[in-house]
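Structures for review follow.
Next come two complexes, and both contain chain A; in the first it sits with chain B, in the second with chain C.
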Partner chain A sequence: MWEAAVEALSLIMEPSRLIWLISGVGIGLLIGIIPGMGGAVGMSILLPFLFGVDPLKGIALLIGMTAVVHTSDTFPSVLMGIPGSGGSQATVMDGYPLAQEGEGARALGAAFFASMVGGLIGAASVVVTIPIIRSIVLAIGTPEFFMLALLGLAMVGIVSRSSMLAGLLSSLLGVFIGLVGAAPATAQYRFTLGWFYLYDGIPIVVVALGVFAIPEMTDLLIERRSVARALSLGGGRLDGVRDAIANKWLVLWSALLGTTVGAIPGLGGHVVGWLAYGLAKQTSRDPERFGKGDIRGVIAPESANNAIEAGALIPTMLFGIPGSAITAILLGGLVLLGIQPGPRMVTTDLATLLAMMWTLAIANVLAAALCFALSRQVSKLSLVRASRLVPFLLALMFIASYQATEDWGDIIVLLVLGAFAWVMKQLSWPRAPVIIGYVLAAPIERNLFVSMNLFGLSWLTRPWVIVIGVLIVLLLFGGLGGSVIRGKREMPRDTDREAR
Partner chain B sequence: MTVETGMSRREDSLRTGAFRIAFDALVILIFAAVLIVSLKYKELASYAPLVVGGLGLLLSVGILAMDMRNHISRENDLTPYAFYEDMGDVQEKADSVSVAIPTASRLWGGLRYMAWYCSYALLIYVVGIYVATALFLGLFLIIEDGSWRAALVGLASGILVISILGSALALEWPESLLLTGK
Partner chain C sequence: MRRYTVTDRGSRWRLILGVKGSRAWGVAHLSIFRALAMSFAILLIATACATDSDTQNNTAAADNQTEDASVDPYYEGASIELMVPTAAGGGADAIAQFMAPWLSDFIEGNPQVVVTHHPGAGGVAGGNKFEYSRDHDGMTLLMGTLATATNWLVGEPDVRYDFLDWERIISTSHSGLLYISTDTGVESPSDLLDTDAEIVKGGRAPTGPIWYELAIEVLGIGESIREVWGYEGGGALRLAFEQGEINMNGITRSNFLTGDAYLFEEGLAEPFIQIGIPDGRGGLEADPALPEDLPTVVDAHVELYGAEPSGEAFEALVTLVETLNLAAAIQTHSDAPPEAVEALREATAALVEDPEFLENLEDTLGDPSIVAGQELDDAFDDLAQMDESHLNYIRTWLAETYPAEVGDISPN
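Up next is the complex of A and B:
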């Protein structure tokens, strides 16, 4: 494995790929700075421009971008009190009070350092666990992959922050969108409405842009956020680094928590930020200081939300089950680049998987360095008014969407899906399950078909199939039962953009 | 969390509840259509759509019933997050960072921007991407941002970025009605 790790490092350090990685880091930093954007929107805009690109360059760009969104989203969280993305909500609690006391630079310094170390720990812990996961991946077959995809779908639906019923329905809507076009098992076109454009299915680029980018842009315009309250940075960035080093165990535990939570489908950055914050507060001797400008309230969520991306790659790349909207779009993008997730990732394509981990690690170091070096200049970007920024992004989105199949259908479906997803967002229906359901639709149907062809109905008696099946039933009955007994739908307001 | 636009929280909750019921009904229609259409497909092509349509229909009827009950009891939209309900004051803090615009107001307000998007698409169809983008950026920045200077700068930089992107990545543009090709 170490040989593969060295090979992967040499692959990613090739100058032209390094340029793509640096570009990804730059784009990710910009996206993180704009409150309300987030990795899912950024990735859906980038995806169409990757057709025909060398897979490793594509990986460098996409993972480089994803890895660092949570580093730069600290700027609006600390200086404006507005979470840059779902993962940085908890950072606001103590980061903003610190900035109000003139210690914004200290909070940012601690956040950048914790983010970098969290990202590195996340990547390292995944590499360490690969030999263990490898034996599991190689031991299971098509029926188990089918059941795991179902489990992923059920989990994503059930752990949705809003109504569990709405989460499951969103997953099913995503699967339905994924079923449009040719059926894999037989020569029949489904749900095409006689429209030739739909014969090849709806491209992931259009689905991702419609489900994430359009609703986010629209809400950015509706909210017309005030920038007048942005605070100055002040000094003391190195004090923040010293704070993070002094709280090294908190950084470590938060990063491990982030990696673990990342590996569980459905639990995204919005969850782990608060979990890490809660962990820091509960293990503190003076919890009453939290919420009033305690640096530990910044360090814990920032370390955890950068580590989550590494953990999320485990189910995505090894089992083909994306755990969040970002990884679902990433998975779709990697498939476009010709990279197939699954057992090959721990055998013949191990170098590719390790290249992703190296990319994560390098991107985190680069992002922290850039944020440190350019924090004053970069912080000003978060003051750009939405009404000046969004029209450019919209134009870019339309162009990006059209590149999917170069058909007017791309733009029409983008608008229809965008309007539908925006209404979903307003009514607190989760949108992440839609994209995950869409991505899982094809593997679910294909694996079911292969299982039936190979084993008939006897695959249902395989031990792991039974175990996973029982787990799904327990999850569904537990989740739905609880929801129905309470008789109320738990509806969040608009605090998390990325996960919904 | 407070509502800033003059509408009381209860009013917003009621209006949102009504929108929610309408949306649930739309989802029921979608899954019912999926189920009915799936019945016509060949056996192998129909398994997955039948499951999706059937299960979706069942769950969407369930969510409609719950939303109707909530709407009648005027309780909807006031309950905490499912996942965070045991997290005490951390949940209160999560609420406090949200942007307080009533859902009902947002729904109506969003229609305006949807109209902008559709107009931009229509413009691309009629006059091509360059002219449409110039018109869209200029008009949007003047009307929505109220700044002629921003509009001029935006228009110039927008066209420049599109031109560079288009030539660097050899992008294809949608064909237009008036200007064939571009």
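Up next is the complex of A and C:
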């Protein structure tokens, strides 16, 4: 396999192909910075250019773009509290408070470094496990998929800052939003209110922007301030890098988590950041700081979401099942390039797969370097007063929503969800679980339906189903127990501390 | 957290722009910025109002028409929109992206062909938009998908287009087959009736390509096969097949030649029956691109019962096959200007004869079947003359057999 790896590297390093890679990185960078756009949009823009292109150049462009989006999407997450794309929603939790306290540069530095390392670890771990990967994925049957999706939902309890009950209710609300539209397995339409637009459900862009962005923008305008309450970004990007290095084990296992979850088809990029964040919080000795500006809350999700694309390439290339929204479009692009996913990717076509991994690695490094260089300039956006910045951003967001299906429904639903989410924000209900519930609704229902049809109730006795079930119970009650204990401990304390 | 309130607007801007200077300069900067912003906004609005791509196309077309038509081709300097009713990245998208530059080359006048995506309502939104939100001037084409056809076929209530009413210019034909796991030891339909093995077929949703189920019905082997719905797509079905969760699956010819090919090469799966392609006489014949010894539904019926199939179910199946065979067609409106349709048909007639195109088609999409011109028209005529009772049969059968919600039983 090492000969194939070296061969793949020499294939990629050819100057003309490198140029395609760099172009992909550049485009991905821009797309990540604009809140709400996400990698899927960029991919669809690039598709028409792929026809007739030499496959390795095309791969360089597509994957270069994929790798970068998760690095540059940190900018809006940290600076404005709006996720740049699905993967970086969790980054907002601690990144944004850090920026508000004037430590934006530190958060960015930590995020970029963690992103870069996470992406590299992701690519490396995929390459290392190539010999056994196929058998691993084959061992995950439909019931196991269902349990894993439930596990994702259970994570919700951990990431909710306030009451875990509120978190679970929010996640169920998200599941409800996810149910709108056609049922996964039958030709029945639910909750469409007789409105044609809702037949395909509510697009993820609309939900993400409505639930996260609209309330933030609205509050920014109401409070008439700029994003950063302080007038400086604080010292150091390098401080951030040092923080990331100090937390190297966190970076490592977040990346491994990201790769693993990415390799499970259907769970998707949105959940990964939350999983990493949740686990980081749960396994830390002083979790109270999470949500108020703990740098670890930035490092964990950023490392994980860059690793996810490496993992997501596995089901995509081996089985033709997209591991995430981006890889879904990538699959279409690969067909145009004449590349056929299948088991051949780990045997005769191994060089192609390895070329992709090399591209991912190189693109991640390039992306981190570029983001570092640009961070000072881009960060100044957070100093601009809200009344100047927000209208521009709102216009961008409406356009981003509208391009989901180019129907007025996109705008209407955006506003309705946005208004509802704003109320949630005022009442301190956690909104992040809504997205988690939304994303997991389809896999949960689909896999449960198929499991019941295939096995009746006997699937409940499968070994891994039981293992994951126990894990879920532990997480839920651990979270509940933990928050009760923490609640008792925290009550007499002053919540307004500035200890660093 | 302490708040820093900055009342001096000038110094805020100085900080951002890195300009050192007097307070007055900072404030003056602000007014210039305002003025620029206003003019830019006005410019944007003016441009938006003035530009309308449809109007531009119409103007171009109108200009061409008023001039001597034999001098300037209809599509000279024009831009054609090729609408895909799904999100980017699916099978229909791949075909559209592949065809766009070829069409551009071959259509007289070399118009630019731009692929746009219109996902929604399982493919119905795109079809509706094509019919109602676009001018019928030949400047818009639709990349049909199986869903465009099947939703119309089953009378899905929000379908506002008439599938039969479009002008098809080129079509990649579809054909389907069922394959079965070699573990079951079942090799032919008669084996199926004798075996003890449990046969589980995986499927997506009942409004998808239901011809597999209808074929099973025609052959009368439905009792021996358990159907599990709910799989997400071809990839998920393939994975489930390899895991042994299902042991029968239905795929199209192009998947047989490409994505699912390894299952056969590695001996995991064996082709069971093929649906067949329309023979132009109201029956089904073998698809030449599939293995010769793979029985069609007709052959299998003869093997099982000693006679050719007949009756409502079979006739409905033939109708269904004829419909789906044409489903993945690029089409334009039937009331588009005759010069436009003429130009398109000339282009596609030349295209399907072009060896380079055919070679490229096979290399890229793996499947060399493409139909245009008279052959396409013949197939379409068959469909147009279909008995409405066949449509009714399909809809009734669907409603009774599967958890599907279909429209009221009345033909278009």
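Following the convention adopted for this analysis, the second predicted complex is superposed on the first by the 276 of 500 C-alpha atoms of A that agree within 3 Å, B and C clash if a C-alpha of one lies under 4 Å from a C-alpha of the other, contacts with A are read in each partner's own complex, and residues count from 1 in each chain.
Heads up, the rule we're going with is that contacts are C-beta pairs under 8 Å (C-beta built on N, C-alpha and C of every residue); 3 or more make two chains touch, one makes a residue touch a chain.
From a predicted model like this one, the values you see are computed outputs, not experimental measurements.
*Asks:* In the overlay, work out which of chain B or chain C sits against more residues of chain A.
*Replies:* Per-residue touch count on chain A favours B.
*Asks:* For A:Glu406, is the partner it touches chain B (first), chain C (second), both, or none of the two (neither)?
*Replies:* The answer is both, since A:Glu406 touches chain B and chain C.
*Asks:* Per the contact definition in the header, classify A:Met155: touching chain B only (first), chain C only (second), both, or neither.
*Replies:* neither
*Asks:* Contact-wise, after the overlay, does A:Gly342 reach chain B, chain C, both or neither (first, second, both, neither)?
*Replies:* Only chain C is touched by A:Gly342; chain B is not.
*Asks:* Quick check for you: in the superposed arrangement, does A:Leu279 touch first (chain B), second (chain C), both or neither?
*Replies:* In the superposition, A:Leu279 touches no partner, neither chain B nor chain C.
*Asks:* Scan A:Leu173 for contacts with chain B and chain C and give back first, second, both or neither.
*Replies:* first
*Asks:* Thinking of the overlay built on chain A, is A:Ile222 touched by chain B (first), by chain C (second), by both, or by neither?
*Replies:* Only chain B is touched by A:Ile222; chain C is not.
*Asks:* When the two structures are overlaid on chain A, which partner does A:Phe449 contact: first (chain B), second (chain C), both, or neither?
*Replies:* Touch status of A:Phe449: both partners.
*Asks:* Share the list of chain A residues that count as touching for chain B in one structure and for chain C in the other.
*Replies:* Touching chain B and chain C on chain A: residues 183, 185-186, 188, 225, 385, 406, 449.
*Asks:* Going by the contact rule at the top, pick out the chain B residues touching chain A in the complex.
*Replies:* 1, 16, 19-20, 23, 27, 30-31, 34, 37-38, 41-42, 44-45, 47-49, 52-53, 55-56, 59-60, 62-63, 66-67, 69-70, 75-77, 79-85, 87, 89-90, 93-95, 97-101, 103, 106-107, 109-110, 113-114, 117-118, 120-121, 124-125, 129, 133, 136-137, 140-141, 144-145, 147, 150, 154, 157-158, 161-162, 165-166, 169, 171-174
*Asks:* So in the complex, the part of chain A that touches chain C is made up of which residues?
*Replies:* 40, 43-44, 47-48, 50-52, 100-101, 137-138, 141-142, 182-189, 196-197, 199-200, 225, 229-231, 265-266, 315, 319-322, 328-333, 335-336, 338, 340-344, 380, 383-385, 405-407, 446, 449-450, 453-454, 498
*Asks:* Considering only the defined contacts, which chain A positions touch chain B in the complex?
*Replies:* Going through chain A, the ones touching chain B are 49, 81-83, 89-90, 92-93, 159-166, 168-169, 172-173, 175-176, 179, 183, 185-186, 188, 190-191, 214, 217-219, 221-223, 225, 271, 274, 277-278, 281, 291, 385, 387-388, 391-392, 394-396, 398-399, 402-403, 406, 408, 411-412, 415, 418-419, 422-424, 426-427, 429, 441, 444-445, 448-449, 483-484, 487-495.
*Asks:* Show which residues of chain C lie in contact with chain A when the two form their complex.
*Replies:* Spelled out, the residues of chain C in touch with chain A are 1-4, 6, 12, 15-16, 87-90, 93-94, 97-98, 100-101, 114-115, 117-122, 124-125, 158, 200, 205-207, 228-236, 238-240, 242-243, 245, 258-259, 261-262, 266, 363-366, 402-406.
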